[in-house]
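A quick write-up on the structure given underneath.
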Amino acid sequence: MNEDEIKQVLNAVNARKMSIETAFKRLQHLSYENLSFARVDHHRHIRQGVPEVIFAQGKKVDDVIAIAHSIYKRSRKLLITKATKEIIDRLNMHDAVFYPLSGTIAVHGAKKKKGNVLILSAGTSDIPIAEEAAVTASFLGSRVESIYDVGVAGLHRLAGAKKSLDSARVIVVVAGMEGALPSVVGGLVDKPVIAVPTSIGYGTSLKGLTALFAMLNSCVPGIAVMNIDNGFGAGCLAHKINIV
Amino acid sequence: MNEDEIKQVLNAVNARKMSIETAFKRLQHLSYENLSFARVDHHRHIRQGVPEVIFAQGKKVDDVIAIAHSIYKRSRKLLITKATKEIIDRLNMHDAVFYPLSGTIAVHGAKKKKGNVLILSAGTSDIPIAEEAAVTASFLGSRVESIYDVGVAGLHRLAGAKKSLDSARVIVVVAGMEGALPSVVGGLVDKPVIAVPTSIGYGTSLKGLTALFAMLNSCVPGIAVMNIDNGFGAGCLAHKINIV
Amino acid sequence: MNEDEIKQVLNAVNARKMSIETAFKRLQHLSYENLSFARVDHHRHIRQGVPEVIFAQGKKVDDVIAIAHSIYKRSRKLLITKATKEIIDRLNMHDAVFYPLSGTIAVHGAKKKKGNVLILSAGTSDIPIAEEAAVTASFLGSRVESIYDVGVAGLHRLAGAKKSLDSARVIVVVAGMEGALPSVVGGLVDKPVIAVPTSIGYGTSLKGLTALFAMLNSCVPGIAVMNIDNGFGAGCLAHKINIV
Amino acid sequence: MNEDEIKQVLNAVNARKMSIETAFKRLQHLSYENLSFARVDHHRHIRQGVPEVIFAQGKKVDDVIAIAHSIYKRSRKLLITKATKEIIDRLNMHDAVFYPLSGTIAVHGAKKKKGNVLILSAGTSDIPIAEEAAVTASFLGSRVESIYDVGVAGLHRLAGAKKSLDSARVIVVVAGMEGALPSVVGGLVDKPVIAVPTSIGYGTSLKGLTALFAMLNSCVPGIAVMNIDNGFGAGCLAHKINIV
Amino acid sequence: MNEDEIKQVLNAVNARKMSIETAFKRLQHLSYENLSFARVDHHRHIRQGVPEVIFAQGKKVDDVIAIAHSIYKRSRKLLITKATKEIIDRLNMHDAVFYPLSGTIAVHGAKKKKGNVLILSAGTSDIPIAEEAAVTASFLGSRVESIYDVGVAGLHRLAGAKKSLDSARVIVVVAGMEGALPSVVGGLVDKPVIAVPTSIGYGTSLKGLTALFAMLNSCVPGIAVMNIDNGFGAGCLAHKINIV
Amino acid sequence: MNEDEIKQVLNAVNARKMSIETAFKRLQHLSYENLSFARVDHHRHIRQGVPEVIFAQGKKVDDVIAIAHSIYKRSRKLLITKATKEIIDRLNMHDAVFYPLSGTIAVHGAKKKKGNVLILSAGTSDIPIAEEAAVTASFLGSRVESIYDVGVAGLHRLAGAKKSLDSARVIVVVAGMEGALPSVVGGLVDKPVIAVPTSIGYGTSLKGLTALFAMLNSCVPGIAVMNIDNGFGAGCLAHKINIV
Amino acid sequence: MNEDEIKQVLNAVNARKMSIETAFKRLQHLSYENLSFARVDHHRHIRQGVPEVIFAQGKKVDDVIAIAHSIYKRSRKLLITKATKEIIDRLNMHDAVFYPLSGTIAVHGAKKKKGNVLILSAGTSDIPIAEEAAVTASFLGSRVESIYDVGVAGLHRLAGAKKSLDSARVIVVVAGMEGALPSVVGGLVDKPVIAVPTSIGYGTSLKGLTALFAMLNSCVPGIAVMNIDNGFGAGCLAHKINIV
Amino acid sequence: MNEDEIKQVLNAVNARKMSIETAFKRLQHLSYENLSFARVDHHRHIRQGVPEVIFAQGKKVDDVIAIAHSIYKRSRKLLITKATKEIIDRLNMHDAVFYPLSGTIAVHGAKKKKGNVLILSAGTSDIPIAEEAAVTASFLGSRVESIYDVGVAGLHRLAGAKKSLDSARVIVVVAGMEGALPSVVGGLVDKPVIAVPTSIGYGTSLKGLTALFAMLNSCVPGIAVMNIDNGFGAGCLAHKINIV
């Protein structure tokens, strides 16, 4: 219930076209519903497309398809993460774009791209998570550049990215194994850095916990850290920072 | 904002004694303020004494004394957990009772005791946590009986407690080390059992994690588990169940 | 061996219809068997249907079917948790009801429902565990209401549940990921709250450990915590509290 | 080696006052030295005050005093975190300001404050870390507002902070125990949220790991997470985002 | 090399029938070879059947079959643990006995059974590990009695086992979940108790770690603990103690 | 209640000297009391001195002294583990012997020593735990031999212990750090080996968890493992095995 | 940018065919590009074949084949670890050698073998990792000898390896379960020992963490430890040490 | 007992100056003592000073002094790690050198220094562990160079160390927090790199576990990893590699 609707009720009461009882019924749950509408309102504004997101992993394909069509009907846009080929095949939406590395599906993301988000990934195996972050930020309305395969053992490739580092407003760094790349990047720039640990590695990589903890302990102060493999979250945060 | 107040606003609008703008202003922040007052209201009703509690551990004595007097002034009752002798000495409240094993201080707890809460502890070292649970439940208004030192290696003492087990409405079981007592007690009764793991033990007792996990995995279904050493929480829950 | 049977033996001895030796043999294992009968007796009374439960996960279908029929023959009721479609298909019991989300099978649960148990779940993925709790409590004889999908990011749905929150005697809150919902609900009500962490999430959700630990550390005092994914246990405890 | 020096070499070669061999030798180690000057340069620009920071915990008082004077001499500003009263007493700097709750010392921080950083803390015990974040961001040049003691059990206080939430460009949320506050705040706003877990709690709070993991698993997408008790890092990141 | 052999060498030297060089060569490698033969000797004596064991899990069927025949050829007996139906089918050994619950295969175990080993298991799901312990101890030459399904919620069954408890020389207790049974049994008897945690359970059972730690922290002093699911080890130890 | 007492009741009923009601009252609580007496009885027989033990660590000196005198009065013997010099000074018992390395106090242990328990420790830092095991087993009535400082880097000292290894009936091996010694010893002998991990080490020794896990994973089958630093438990088990 | 290119620029400046400005522009990014070329250069020299390595596990067969041919084309040699039969079948390279136990593929490794690397493995299940280390070191140019199945329970086999131990310049020890073998070997030799924990074991072997921690805590000083199952890394390090 | 001594005995027997009995007594324990002498012999050769080491932490000052004098008397050299000022004060050895940062005491280390060991440390707080490694390697006979404070945020200092990196035969890298430096250094050189994690950091640094795991997961193949804070071990390994 937004401002207009509340005023409509009040006007109707004032015009004596609506009884006190009816008006009260419309308003009575405000203590609760008000909260809800306020937050939904907020959410709608804030998230600019985020609510249209489905996390497909672990859901049945039928359910994903059903939710997807319901969301699309309401909002005319849609983002699905951790999707499969089967989902895109059965989705049957004309403008849906499928990103196979990350399994992301985007339909009618933001047209106008603003600002400048740079996505870096350390190894080839980290690309799916980096792609998820890139597609998400782009879908939400950020201009995105991606440079993949910039490991600590490939720092020279980072060197070639000087211009991109300089022009970005916020940088997402995706890395598994020892998770050292965000520290190295963070030491080179003065802008917000978002670190995403991936579950790439074996043994004591502990499915990404080692990279996560390394990033949280970076000697570079103020690195923003995400959950393991959470490229989607990184894309959201990068976009929020990008448009601050 | 309650029903009457909302209707007053609507009546004033209907009577054209209040402008739409004024009415809207009165209503527009409902989302937040309503929530807040509602919850405060709820809280006051719900917690019946729980807000009067200070967790003294890690706080400076001066601060504890100051908060204690401020709470007591407002509510005429007070509970302090994990307190020290220095606190009771400096508190200077006439009716304060100090329980030295658990370091609990109670002032003017509920006078009328209802129902029947039974507190069992496994070893002598678990008594402080058991006492904290007992004092808390009693302070909140429950009738409390305590039987200490009923370990798995002292089950015969449990046998002697048959009558107490039978008459209790809810039972709190406090145990460290392997945390097996709640399973044994839970197998003997058909009433709610609350298990409190303690940090008693060494090596693989992992400061109470082993007892906690053992309790969560009890083969007796439906045992309520608390955080390690959380006698206060157990006392609160026992009281809430006791007065359902 | 119950009171009547013991007295029969004593009467027979008194009437000299039974030799001392025979009587002794009947009684000699009382130290042990007495315990057993007592506990079985207790159990029968206490658990009101709980012993009729089979945890199907990890068991072979043949075994589940066999145990199920044996239990049903004896008690004319039956509850199976974590069951599959294959089990219900092969069970071949006329009145068996299968709940496909949680995989619960209930046969002839309690007819008369008492009190009021409210089950809340945070996300759609938590529904299976919530359903298991609901079916269990209902089977044991509790009146149950369920409200699903009330996440911290969907608190407005909780707002709409005010009436249900008010009328419940005990509330079960099921949540995965960061497990924050029990704290929020616990802050709104003054009745016992049972928190069930689920294994929903990825990375640092640690298969439910994070939600579990968050619940154990709730700033709301006295929340009862269950093992991860233990909807059945929550249903049992909710019922026990509901009928206190 | 800076631009002037490189050009000097080139000019000398052009003027044939320097042989190719000599010029090459001067330039050949550029790979290393160039890197170093470049990065130092970067660092100076980027960090705007961050290098002037001393992490006092675990260092000897004598060492802290010595480093502090050396830094102050060079940069005319200084920030010390996790300091003690003894350090401020012996520091003997006229304009040093000591924040006793967090043990932060600031000397000549940025005069002009820009933007709007909001710092929220959940419990009274979390205030030291919140203060550290606030002093840091302010020292670096951000306008900072702080609201303390906004726990999940005190959400109404959050309600009163609506205006502050609306006007902030970035929000830091500091919480221990179950770490639920960032999720609740994150659900209310559309701006970047930085979550700082604290080591407040006991038992399964695991010295802050539980709050940390809960924050990483927030159902609100895109929350930036810091290491446990890292108020300084949160202040740095908040400032970087605030001035994007 | 034993006393006689060393003296032979010395006598030969004394009799000048052996040169210093030859004598030295005979003696110089004592450091290694002596060790090796001594230990081999020991091993042969000590293990009496234990070396004939194959741990089949994770090995290819072909390899297991090959090793099995090679062992059987040499020693005319054989024990395979964690085997499958396919292995017993392809083994093609006339006298091989397959225990399907535990997947143990025994060929020509010790004929004469000595002493008295009692194996108890807590739940039906723990029976495979209990069976493995029983078959192992029996194979090595111990008389074995097994009582299954004696959980903490089924203590009355333990009561019926009084005679078995009294006559055993050593007791193996197999339990998963909270692992409380060894504590209860250990409180009833004065003989060595061997506890075997199983990986039965879910959530915080942590694949058996909880049961393991509970057993290590038993309030009954001196319980011998095995690795998770190590029924074979328990059978070996029980036999060694049984024949002390 | 033993056989004679039950028969007395039956005879009295048979002789009509005791009414059915009185007889029933005598028998009706058998379920509980019988259990309790039975177990107490068992305990007295079983533990032969074990109940006389006080675990002093974490207890107040006053309490230890009081419990010690109470135990000694009843049983004329006493064992205190993890005691301090202050306790022995204040204990004031004529025949008390204090073992300062382990902090064990023994009064009037078993005079007749039976069998043969060998205690080995890996490093000098492990000696306190080894001594605790030795004093315990000796107190309970076992003949004990100790050989200290037999690390993997000092295997030659083990070599010198061949005779002791051969004559022992059971061997206790105490080791911290990587905990490898029990595997090496277990490979040399065919008798029960009890492994005690100690908390000696740093970093990834994880306060003894590494040694514990290494011992549980020994490639030598059937090693009995104790909790970390549990020399007392090892002494109890060694004695129980020694007298089997 | 290599030496020739830098000199070309300087010559052009010297010859006044290139302006200072143009020359500076060519050189100014040296800080980055120089780094890159330098490091690539270094890498080529240093790694002598290491860059030609593909870690096949988790990669699609198509991708592995494509990368393999691209690498081979450039460098005329190739190493693939954790490969499958399918990969070698489809690789279609004439001189490729497939090691089926470890799944390693080597093409045109170093022809001249230098020095002496000894590889020991504890159990038969550790052989795949040992083979990976052996093939890697050999591929890089080290002479390699392997002795498998030298467990702590088979130390006599180690004794027989005295000559190999003596002649090796560096020793790799591969072991799972309790990981004790490196300590035993390290106690016998005065040369560098590299320990590789494997994920062999179950329960508290914790997928190799126990062996890893045991190796890190070896009482033998200075053992080099690798990640779990990292035979490739061990082969690289052994080769680097071997050719120091 | 070395070759000469054995031959002396044999010669004496041959010369009939020593009876068979006496000779046998001298030799009889060879099976064991031979092992011991061999290993001691080996050790003496191998460790070149390592046996002269005392790990002082956790030992009483009196004991350290006593052991120190006993070792010095025998070997005329001595190394004490983790020592305190009190120990050096009371040691009263003329030539003892005390390194206060690491608490290392060295007496008469190797005079001739060979090869080239480079020690790098990431932060100022890591210097004590780096110093311990440096003193150890130097004591054993290696030429050592140290460069401290080369963090990922101070890579330019690493650049200035190019010459040192080039001339070293083996490099020790000491780092806490995220432990990224060994990866960066390892990417720059082709010689053995030894990584030492330190316990520096807080929160998720987990007392060094994070740095340790990061190092074990380095994307640079073949880095040798030590236990947390084990500078001594790194010094030993560096020396062993340096003199290969």
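Order of writing sets the labels: A, B, C, D, E, F, G and H. Residues in every chain begin at 1.
To be clear about the criterion, a residue touches a chain if its C-beta (ideal position, glycine included) is under 8 Å from a C-beta of that chain, and two chains touch if they have at least 3 such contacts.
The model shown is predicted, which means the values in this text are computed figures rather than measured ones.
Looking at the partners of chain B and chain E together, the chains they share are C, F. A turn of 175° superposes the CA atoms of chain A on those of chain D, with the angle given to the nearest 5. Its interface matching that of B-E in over half of the contact pairs by residue number, C-D stands out among G-H, C-D or D-H. Rounded to whole angstrom, the centroid-to-centroid distance between chain F and chain G, based on C-alpha atoms, equals 50 Å.
Averaging Cα coordinates per chain places chain E and chain F 24 Å apart.
Rounded to whole angstrom units, the spacing between the C-alpha centres of chain B and chain F is 39.
Centres computed as Cα averages put chain A at a distance of 50 Å from chain H. Chain contacts: chain B has residues 32, 35, 39, 43, 153, 155, 187, 203-205, 209, 212, 216-217, 227, 230 touching two or more partner chains.
Chain pairs that touch one another, listed by label: A-B, A-C, A-D, A-G, A-H, B-C, B-D, B-E, B-F, C-D, C-E, C-F, D-G, D-H, E-F, E-G, E-H, F-G, F-H, G-H. Interface of chain C with chain E (complex): residues 29, 31-33, 35-37, 39-40, 43, 57-59, 197, 199, 207-209, 212, 227-230. On chain A, the positions that touch chain H within their shared complex are 122-123, 151-153, 155, 177-180, 183-184, 187, 201, 203-206, 209-220. Within the complex formed with chain F, the chain C residues making contact are 3, 6-7, 10-11, 13-14, 16, 20, 23-24, 27-28, 30-32, 34-35, 37-39.
For chain F in complex with chain H, the touching residues are 125, 153, 155-157, 159-160, 162, 202-205. Partner chain F is touched in their complex by these residues of chain E: 35, 39, 42-43, 45-48, 50, 53, 169-170, 187-192, 194, 212, 216-217, 221-227, 230, 232-237, 239-242, 244.
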